[in-house]
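Lettered A, B, C and D in written order, each chain numbered from 1.
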Amino acid sequence: MDYATLLQVLDSTVRLATPLLLACLAGLFSERAGIVDIGLEGKMLAAAFFSAAIAAITGSVWLGLLAGIAAALVMSGIHGLASITFRGNQLISGVAINFLASGITVLIAQDWFSQGGRTPSLMGGGRFESITLPFAEALRGVPIIGPLYYELISGHSILVYVAFLMVPLTWWILFRTRFGLRLRAVGEAPEAVDTAGVSVVGLRFAAIAICGLLTGLAGAYLATGLQAGFVREMTAGRGYIALAALIFAKWRPWYALYACLLFGLLQAVALRYQNIDLGGFIIPVQVMDALPYILTVVILAGFVGKAIPPRAGGEPYVKER
Amino acid sequence: MNDTPAIELKGISKAFGPVQANKDISIRVMPGTIHGIIGENGAGKSTLMSILYGFYKADAGEIWVNGSHKDITDSQAAISAGIGMVFQHFKLVQNFTVLENIILGAEDGPMLRPSLARARGVLKQLAEEYELSVDPDELVENLSVGHQQRVEILKALYRQADILILDEPTGVLTPAEADHLFRILDHLRAEGKTVILITHKLREIMEITDTVSVMRRGEMTATVKTAETSPEQLAELMVGRKVLLRVDKTPAQPGEVLLDVQNLRHVDDAGVERLKGVSLQLRAGEVLGIAGVAGNGQSELLEVLGGYADASGAVTMKGVSLPLSGAGADGSARRKAGIGHVPEDRQEEGLIMPYTAWENTVFGYHRDPHYQSGMLMNNARIKEEAQDKMTRYDVRPPNPNLAARNFSGGNQQKIVLAREIERDPDVLLIGQPTRGVDIGAIEFIHQEIIRLRDKGKAILLVSVELDEIFSLSDRIAVMFDGQIMGERMPGETDQTELGLLMAGVTERPEGKLIDAVDASLKEKEAREARQHD
Amino acid sequence: MDKMPAWADAVLVPLISILLAAFLSALVILAIGENPVEAFKLMVDGALMRSTGWGYTLYYTTNFIFTGLCVAVAFHAKMFNIGGEGQAMIGGLGVALACLFIPFPHWSVALIVATLAAAAFGAAWAFIPAWLQAKRGSHIVITTIMFNFIAAALLNYVLVNLLRPVGAMEPATANFPAATHLPTFQDMFASEGNPLFRGSPANVTFFLAVAACVAFWVLIWRTKLGYEIRAFGHSESAARYAGISPVRITVIAMLISGGLAGMMALNTTMGEAERLVLNATEGAGFIGIAVALMGRSHPVGVFLAALLFGFLYQGGAELALWTNIPRELITVIQALVILFTGALDNMVRLPLEKLFLATRRRSS
Amino acid sequence: DPALIYDLGGKFDKSFNEAAYNGAEMFAKETGGSYKDIELQSEAQREQALRRFAEAGFNPVVTTGFSMSSPIASVAADYPDTKFVTIDGFVDPAEHPNVLSILFSEHEGSYLVGMLAAMASKSGTVGFVGGMDIPLIRKFACGYAQGAKAVNPDMKVISNMTGTTPAAWNDPVKGSELTKAQISQGADVVFAAAGGTGLGVLQTAADEGILSVGVDSNQNYLHPGKVLTSMLKRVDVAVSEAMTAGTELETGVQVLGLAENGVGYALDENNAELITDEMKTAVDAAREKIVAGEIEVHDYSADDSCPALNF
């Protein structure tokens, strides 16, 4: 593999990792606060649809982004209502959200646009254009560094940079601020937070609001950054992969980055090298397709060791039975 | 003396679903006193205090603090009213450091750094003033229970509590640690602070409190000056009848060795060695009591002998060696070998809470062909026998169709005892037989244990209650840090000696007891921390 | 003392939840400019008013009974098996292999062997996640999701590269031989003068599903294995104390679960399509989650909930057939049913409990 | 009235099913007639829809997608008076006299757009992005590769399939990534035969400044001046004709190739500038030769192999 190809693969990795990363960090905030979220997929899907739909209607990608975030926030709100307010089962609520998003997006799309559950293709200001970073053109000629900067680092949409900046930001929030301390505490021992005079419900809603915000960004990136419009089920299981990445990352921001990059890389490689020929024996494309999933299982089975989730995760905080 | 009460509760009521935990309770606690609260399990003590601390919301009633009506809707309100509470089950974040736990909810600003820095300073001061030293940077999960309790007290003091509530603080302490705690409470009282102390131990009430309130079935039955009462009177107020505080028994007639344990070692999931070469022998017709502070390997000893934790070493039952890991090392194999087991935690281990009582009466023995008919379970027979057992063990209500969770703690314990004792095992392992059991039921359980002993069975008794160990055991072994520190005969030792052994101190120290205990515990913590890495 | 009578918990709460879901669904239908009453009428008419409609309703019901029981048995052991979908796919593979490669003399023999094959294949697919959960603590929710994806890829590979007849377009197997064709309701109940269930896919597997409900009940509440599964589900620590091996129960419960999911393929593959197509499962594995939740993991409840979802499917199909309401409406209704009966049921239960407590206090 | 049943991809997939829809609309406009249509939601519904329509008296019942052939085979005999049409599917006419099977020679149309792609390519590399990996799509790819290599035997053809599940028809993100990967491997014309996924392919090609080739319907308008051409599969015509014929429809098997104008390439104002006269001449000549039988385009589905491309 030559250098240019390598850069291409890595470039593709960055693009594919971005929605995973945003969703993974979203899950991180939620699960660190003790709310397990398998509804990431649905939130992303809802966000993808509404961002594309509003961008298509208004012609403004920024309004679209806001709409996407709002949609994901509404989904988060439902999740919160079910799992925080009414102390329901978080997994079931997540499953319901995935169903809901998958149905409602197409239903509304059909009602609004009559294009078979699709939004119209976004033009011009309806999409996030890629940004050329300063000096990218100028440096392009410099060997090694130039192409690296031009191809890999420059030339992504703004949401990609936002996603990557979210990693240190998440770390900082979690480990350097009062809010982060409380958030982590509420995922470990909500009763400690409660008796310390801090509202468990408030913290958890804040966490899932952040989760909604980030899945909103992820969905909007899919529909208006990576693509130019929404099609049904366009998240294609990314929410689940993000969840796997979160476990792989042991609920830590930097590890989340690495995990998402790894999954992105796997997808990029699978896309680029289908039917790998190993001296006569051809690895079928299905194997390459299934590889990220197989790898997830392998990783869960062995390499992460015991990933210890936040202790209060998945359980509603019940004081009185 | 100031006669505005520090705390006055008026007409507090609280129901949990169908359970009326507190019924129209009124109480006054005077400032600068230590006020004891006693009562059977489930009497509603913790509930009342949790209401005062804003953890639960009362259905009715008022809270007055220092003469003014306070609307305590959450813990924040309680904290700002100057109330601090150390719960029965600590409310700490296990994988946070001590410092982080201290500042949680009481941070100075949105950034952590300055809060942590200030807390470090304050903590140092408090540590000196009250002899409450803990390493501020240690993770709470690496601390002994005693030290975790210190963190809880420090948390309250850091929030400048004037009124400190302690819910059964001594259950998890060595006697020396408990003494130390009482000195701290004394000190607090001397400073004019108010302390509310919940405990089951009448001795402690008599020793330190100024006033004592008694609760029964959700109601406040009496409040008396400690100086004007006696343990016997308190016990009667608690249960509503005269109680025998001692166990009647004849001297043991030890027979052959039934259970022989040699050099037992066990490493837990986290990789910490919990049993470090335990050896003991158990004879027919005797009760061997294992004393020790919770967390020193007694639980693991029971789990290993009960067959559900792997270990190395050698265990023989009537000369037949038992496998300690792999196939054959499970609860049902042990039961077949004649070892019955009343586990320490009836709710987490001994019973399936949603199962009916009759289903629970065969739990662990459900594979016995006696309870099968063909491919199916013989439920009719199981129910029939359950009814019989429940009547004979005076389980109330004697209704086998009720779910286990609907019985009170004492009655749950009776169901477990009935199940295990009725199998007539040669060896019975019993952990904390009377934890959370009211005085009346304790009497019954103790009698049953002695009756079994007198039938020539061997009993291994693990309890954190020294009183219980003393009154039941024919021999006492003390465990500390996964080892047996020594064996004593009950008549030839006293609480102080056992207390020191429980802290790992084998020789009576020159200076202060608590320092020796502290040093010993520190050493243990350091060892464990090293093992974690 | 419980807070509420058992019947209220088992019947009243789900009923009110469903009504709430139905009400919201009606709002959704209104929002897309259709008439909810008309829509409901169409659904009832198409699903319940004619024998053919029943034939379809019961066909879907059969699928959902199997996947519902699949999820329910895992629930009893406190596991969340989201992998029913993949297990059913692989179960279908087992059915196809049996039907294609064994020359059966009669459908009844074929059904027995295919049932074993379906269950074995489904169970095998559940085994790895189960084993990983038991031995390595890998989160079974995640692993079973992953195994759904992997099953899809595997099935695709097998159908495209191995089982597809040469020259055939579709990634599907050849038609099964006639001896493996299962009697449909039409074969069983229709007569010359009375063409019942004409052309509808309901077939003998429905009775197999009903039998599975009975067997499930016996297993869970009458055998020592069921006793152990439930005990393990309620408290792992207690199970260990009693000598119930967590590894054994985890694996066995998941094997049963996977086997039940696999058996769903009998209905779709052997009963309906009479060949194995790529998307024979069509999300029934996921519907099973809702069915098990609504049915409170009890076979009677599962049966009723499966019937409800069968009605939704068939009614929804009729709706799509005669109106402009997109098929996704049914997905939305399902989502609402899952949400209200599963995740939000405390919203209904808590006020009801209060009500019951209050009336009890007053009467006592 | 006639009825139309779309395959699981859905009515508005911008390609195959949408072409059928356009055909039905064409029929409605030209004859003033009306028709009934439905999008399927599940496998079992295939037979159900056929029966319900037949019972309700719709005739003929037109269906799209090869998956409809076996349900039709099992239903047709029960409704001898109803005529069924399966587009892309095959039902034995000897057994079921009331069924019309319409098959397209996609490989021939693909051959032509393959030639155009090769002629438009400056890099000597062209790409193909398929949807789900099924024989039908390989048939497209194989024809395309043959066409490209006919122009230049050294032409490099990169072929990728989006996936192995039906989701592959609807994953424009992956389509887009595949396109980018092919671009980085030198492709400067990409042919998408991938349903909804193809939209991502066309979009990315337009964004990255290379040419793309649409499929089934005329997709040139999606990105004017950036879509080289579209491989037409005249499902619309087939549907419209079948509906117009009504009950008089002649059953049997129809194979629609270049000769029947069943497949072809799209030329309109959107791509007029992209197709030079030279290119047009060459392609039209090839078309004549194929019609005349002088060039034989290998059909992948005939023997599951392709001389011009490895899968």
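Keep this in mind: contacts are C-beta pairs under 8 Å (C-beta built on N, C-alpha and C of every residue); 3 or more make two chains touch, one makes a residue touch a chain.
Computed from a predicted model, the values in this text were never measured in an experiment.
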Chain-chain pair with the highest tally of contacting C-beta pairs: A-C
Inter-chain centre distance, subunit A versus subunit B - centres from mean C-alpha coordinates, in Å: 46
Distance from subunit D to subunit A - Cα centre to Cα centre, in angstrom: 35
Mean-CA-position distance for subunit D and subunit B (Å): 75
Shared interface positions of subunit D, touching two or more other chains: 133, 164
In subunit A, residues with contacts to at least two other chains: 117, 237, 286, 289
Per-residue multi-chain contacts in subunit B, two or more chains: 17
Which pairs of chains touch, using the document's own definition: A-B, A-C, A-D, B-C, C-D
Of all residues in subunit A, those that touch subunit B in their complex: 175-182, 184-185, 188-189, 191-199, 311, 319-321
Touch list for subunit C against partner subunit D, complex: 52, 56, 59-60, 152-153, 156-157, 160, 164, 166-172, 175, 198-201, 268, 272-273, 275, 277-280, 282, 313, 316-317, 320-321, 326-327, 330
Interfacial residue positions of subunit B with respect to subunit C in the complex: 17-19, 306-308, 330-335, 341, 343, 345, 348-355, 359, 363-364, 366-367, 372, 375-377, 379, 403, 406
Of subunit A, residues touching subunit D in the complex: 4-5, 8-9, 11-12, 15-16, 114-118, 121, 222, 226-229, 231-234, 236-237, 267-268, 271-272, 274-275, 285-286, 289
Residues of subunit C defined as touching subunit B within the complex: 1-3, 218, 222-224, 227-228, 230-231, 234-235, 237-238, 240-245, 353, 357, 360
